């Protein structure tokens, strides 16, 4: 299998801070397996709870992604399928923090208030890969809570359309900082291809994250991610979609949060219609009773909601011609 | 047990259309068990898929609730605990519908657009209590999908504070049309007491509902609900809260949807702090990694999100002095 | 003229704290002139800059309105026209304040943040009726700024539909706490009639207010307002509208703020269409180039925007059969 | 004066479709006068009411700007002052249109609805420079309305920070598609400098526009704009600001619309504080009573509100060391 495996470490020259506007650092063929190292959202600069991000991070170089990676044959109008085989923490710990003017329960530059910022504080989490736990340790009392290790990729995307370049902290229709726990091992992410080669990049691994990521920062750590990419020719995707073995998701990315819900549901109504042949109102009705809508983030430049439905409720066709099953099958060799 | 059971049927004189402004129809003691019949949100007027709600419903008398019920000893500043023992459909079918100017994927009187309304359409669902399924039948094709029967109460609340009376279709801090699937059997709902006797009422049973209830209408049916109420003296509750055997939820009720998220999380941060003794930032941090945030509705006059956390991640105190456990214990006799 | 003048002072028995749920204190005939005294939003309890509202006000009895007043012949489905002849401060001073958890630049119970509340602070304004100025005096420095005296009514409305009762601090389609500077002398306000007699009430006079009322509190003072009411039979009004000698406004009342804009514009597009006979798209286009949209408030339970257009750009019919001109004519006698 | 005048026509090689990611086409010295031709937002492709933009425009090349222009000496952390001397239509007509999925009163890709798009329709406006009018002509009836010619620049901005490139249809803190009528002759716009040379560009002239630009498209026409630029060294500007002879504005750019209001007001509170020495609460209070908040757009990727205050209410210092007065003085020579 080795000649099929492209290994990318997270050295500085492989890190980028925008989607778009950056030349590719590597090239892969559709079907090829990638092993990608990523740095944490702090660029690795937070080493202890005394390292306040606002002091130690190298602004504006936040949230580095590894890439971009040129995918051969991907052209505008195609869909890029990114199957995630595994996500493995590269450290035995992660960090989270409150950050001035960032988070759902604080004034921000947009939701601007005259109150002083919340205190900036850092938390260190022990990551235990054997017990699959992440340990929260309170800073102002002696509480300790073990949470499940559930690794996910916070930021993954392609170059935007029409010559745009977006900071890696921004989620939008090209992907980016989606911050949804459903970008996890075993799932396939579908992204629109906007430029030749798609220019995939990823970073911002989370050892785990709550729905909405309310303080704005997850359990951030460096990761090794194994992926398989494929190209679905001449099939356009309007907004990021995710397929698991049992579910379909359309990720709505917008502000206010109801617009993230609306755009996710709207895309999913269309997807259900394509797969089943039902008309829009019947699909809308089915989704109203069977849909899930896990919130990704309520803190980033755009909010995200993954409008979802179980595949067993969507009788009929196979999404994207079965690429998820094929890649998942192939991925099992690399776990 | 019989002298302890108050039975309320859903005859017309027992239905109300506002929370507040209506005299009580019955009185219960704390700890007493109630068996309450409710009508569906259409007032029972939709009898087939040809009965368009905009024609057959008796406006403005939509969404009837059974009640209100005076709870002895409940006074402003107390908390009313409502433990739901069981919710049982009274019919072998339910209805859903698209309704003009209502729903997440349509223009509405608030999100006003110049496009014509979506088509009004009714769906009939077969409810099979033996298989615990609800059958979706498409109207414009021959698709049929069986979904789990998961009964919940859409509308439950008390009289608002300060002399207000609110339509039963409105959710707010007094409860009302919360439309969250977590108001279900086995769970305890906590509501603020704003007037003497609290004046509890409920209706709008759903055989099931998707997160967000995107078309605005769930699988609506008449229900028989068994409840036990209790009063927690001199403990105020600011926004509806829900406790299950394993989880705590603070229900945020607001527009835009991010404010429902913010207010739910804010209340839950406070609740975590009370139970654990952690400070606000430590609680906020824990919630950021461990929190869930299932969306209730994105269609009503206010949107709802149930900010939640597993109890096992909240080490320390017992919510509301253990009332949930006591009522759940007692409820087992009545299942 | 005297027998045509109904005088209502602001004694306690004439003050109400909800729209709806309160019996009328007086009756008027259409065309009758009313002279109504109102208290300020603090119920007159703030007497100096040392009187913090959170301490001196009698909760929940905030924002008293004088009324309600039964208008003879007004029935559901009619429109109530309220022409404002004059608004005159009853004191030589007013007060404003920051209030905990209230305002656009602070966390609130909905836009909930974990930061401590802003400081509560009171400002006293001297009102000089001869120079028509209102004097701002800074509290932490020696700055003094004279602003124009531009009296307006913050809160005016009728009983809501369907048995609702709403706090006087809430704006909605029945009027209420609209907080738009366009409710001022010389203008006519149109409100839906939801109950027999309409049940008009008003209060919360502002010596002046900025657009959006960002801190949440205007220059609050007791007022004497002279009004003439009329009933337009069998013409329904969906949302508050305002007519001046030169402009038409539809007041959008909603959250988020774009929905206030949308619903105001949507109603005005319809109004332009009725008056001109243009179709909806032509009216929409004209409004896009000629419309104004002064913000009322961005602080209350619902936000308000008065979508407006100059009458000279609306060729054709006469709004509400010319009632504004007739009442304005008649009002000149009472100035 | 001629050697001081840089003339840029609107030939194709001078048009750009992003802010950022484009090399400069010209260089100016601070204080130099520029005469810049711009194309309309359709790229000049709409020639009659039968030219539907969705068919004739060359996607994604919408909303061309002329530039970018390198301003000598401008460095990150400085402020670019752009004084607008004059804006003159280059044609005797302009066009507006409804565009599928764009506008305040229609479903959009974000505020996604299942209703079919509104009809796409084009309107031609006659521009009469002698009478200073713009003539609206209805398409489905024979109504004609003359509106004042009030030229403004819809899109003006600099390269964003941190390597971003944004479509010219997007407004944000770098300026861009602000769509506020206050970017007009006689006013000075202040923008943050994010890259060496600032890289100013402009386009999207409007013969006039209503507040909010509700259908999404103003009276679009090609313009000749005369500008003078200057650099204020080592003074940072966080969000676009505008100064007229009598007013100061901070332009809030965000979604939802209340966040545009909040961020504009927040910046203006700070600005008032800097100029007067008042503390934040006193400034907030003054703005609450004296502020204006004209809405720019409620249709673009971000909404805009220009939070404003009359200079006569801001006693004390001179904004940006009087650059507006100096440039306005100098601009009078070029009118």
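Residue numbering begins at 1 within each chain, and the chains themselves are lettered A, B, C and D in the order written.
The rule is simple: a residue touches a chain if its C-beta (ideal position, glycine included) is under 8 Å from a C-beta of that chain, and two chains touch if they have at least 3 such contacts.
Remember, it's a predicted structure, so these values are computed and weren't measured experimentally.
Visitor: Which chain has its C-alpha centre farthest away from the C-alpha centre of subunit B?
Guide: D
Visitor: Determine the centre-to-centre distance between subunit A and subunit D, using the mean Cα coordinates as centres, and give it in whole Å.
Guide: Here subunit A and subunit D have centroids separated by 34 Å.
Visitor: In whole angstrom, what separates the CA-based centres of subunit A and subunit B?
Guide: The computed centroid separation for subunit A versus subunit B comes out at 33 Å.
Visitor: If I count partner chains per residue in subunit D, which residues reach a count of at least 2?
Guide: 105, 111-114, 118, 255-256, 262, 265-266, 269, 281, 284
Visitor: Chain touch graph shape: choose line, ring, star, complete or other and state it.
Guide: Per interface graph, the chains form a complete graph.
Visitor: List the residues on subunit A that touch subunit C in their complex, please.
Guide: 105-107, 111-118, 256
Visitor: Using the touch rule from the top, collect the residues of subunit C that touch subunit D in their complex.
Guide: 96, 98, 103-105, 118-119, 121, 123, 125, 134, 136, 138-141, 143, 145, 147, 208-219, 255-258, 261-262, 265-266, 269, 276-279, 281-282, 284-295, 298, 303, 305, 307, 313, 315-316
Visitor: Under the definition above, what is the set of subunit D residues touching subunit A in their complex?
Guide: 17-18, 20-21, 60, 109-114, 161-167, 238, 254-256, 259, 262-263, 265-267, 269, 280-281, 284
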